[in-house]
């Protein structure tokens, strides 16, 4: 009877994914320049329809791409154009989502400071837009997290 | 030996990805070209072409085989182009960009044409630009019938299958579109 | 077939150019145009228009460089297959879900049953992101794509350059 209870418990723990996070999180950051005119880079062809729908611009050029293995509670800073930084701190798992603190820093100023639960292997976007500019352009950051 | 569309469709339905890939490779240029004619933007044309094949895969079970595969594929592509243009209806259609022109996407008419026509090279380019401008001024529905007839060479019956409208509607749209083009190109030809 | 009038020819001029007329009518139109300079001109002008429009569009199509679309399409195919697999699993595996429910109940019994039963969550979208907190020193806009759940946090900053 005790063995059966133990077996069911072990199986259900597995099914419910109730485990403390161990290991690291792979963070993949892609920076993209978005504008109203011009060509898009081939590497972004797959993402273009989604970017167009969400961001509204028509042309997308790769600016940079970086992958890092990040440990829990430890921040990693990614340089992004314009002297800014993207700071990512993986904080834990919640079900199948990775909890992250994400900041876009311009010197001491935090343009964005957010706590987000992103589906594991999922992607979210951050954008810095300068609508006052005549040409209409934006910087887009594609952030993916995988545990 | 090259397999027919019907064979590839049957195999793709049974889960053969290589068969579906064969269909993509066979029709990707045609679909992208049709989308280019409709949307006048290389980027948008490639987006629509990619989406056309994805939708075709999703709907493969619904393809009955009573129409030719390519007319069914054209129908998906035309509908996606029309949806795209409805979404963009508040924006002015963007003509092909100058850097795309540099790539030859809208270059002057090819040498084969210059041999057949008594026009100077510069005049050929002017005609082509005026034709493109006149096509852009057509509504999407009228542009679709012109492209399907003049570029893809489809019959009225095939065009009516693609656009899912009666043959009479195809004929009246073609008639109207051509009169519009003639008005806009008066004095040029 | 009796001789056609100019009005008859005018009504079928597009079908003539597209060779969509029955053969006897085609011949009758051609015969009429041979004797009528006005109709002949109409047919020629329409033919030239179709030729030029077709050649321009075909030239643009020939010049179009289309990259291999298969890699991107293949990803769409893979997503569709994954979706179908999930749909199939949910339909045909009640025994599995029954076993999971029993196991969950057993865990709750072992842990004393103090906690409220866990609500079974809907399957999350692939890019689902839940924003728990959002602060900014600039104007911020949130956008979300419904189907995939992809979230965009857009900040409007008139500060530094974007490149």
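Going in written order, the chains are labelled A, B and C, and every chain counts its residues from 1.
Definition applied: contacts are C-beta pairs under 8 Å (C-beta built on N, C-alpha and C of every residue); 3 or more make two chains touch, one makes a residue touch a chain.
These numbers were taken from a predicted model, which means no experiment stands behind them.
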*Chain contact graph, described as a line, ring, star, complete graph or other shape*: complete
*Centre of all protein Cα atoms: which chain's centre is nearest to it?*
C
*Tell me which chain's centre, taken as the mean of its C-alpha atoms, is farthest from chain C.*
A
*For the chain pairs B-C and A-B, which is connected through the larger number of C-beta pairs in contact?*
B-C
*Using the average of all C-alpha atoms in each chain as its centre, how far is it in Å between chain A and chain C?*
27
_Can you compute the centre-to-centre distance for chain A and chain B, using the mean CA position of each chain? Integer Å is fine._
37
*Please work out the Cα centroid separation of chain B and chain C, and write it as a whole number of Å.*
14
*Considering chain C alone, which of its residues make contact with at least two other chains?*
67, 72
*So which bits of chain B are touching at least two other chains?*
42, 46, 50
*In chain A, residues with contacts to at least two other chains*: 45-46
*Mind pulling up the chain C residues that touch chain B in the complex?*
14-15, 18, 20, 45-46, 48-50, 52-70, 72-74, 76-77, 80
_For the chain B and chain A complex, residues of the former touching the latter_ = 41-43, 46-47, 50-51, 94, 97, 99-100
*Which part of chain C faces chain A closely enough to touch in the complex?*
67, 71-72, 75, 100, 102-104, 106-107, 110, 118, 121, 124-138, 140, 143, 145, 148-163
_Contact set on chain A toward chain B in their complex_ = 37-40, 45-46, 48-49, 52, 58-59
*List of chain A residues in touch with chain C within their complex*: 5, 8-9, 11-13, 15-16, 33, 42, 45-46, 50, 53-55, 63, 81-84, 95-97, 99, 104, 106, 109-119, 121-132, 137-139
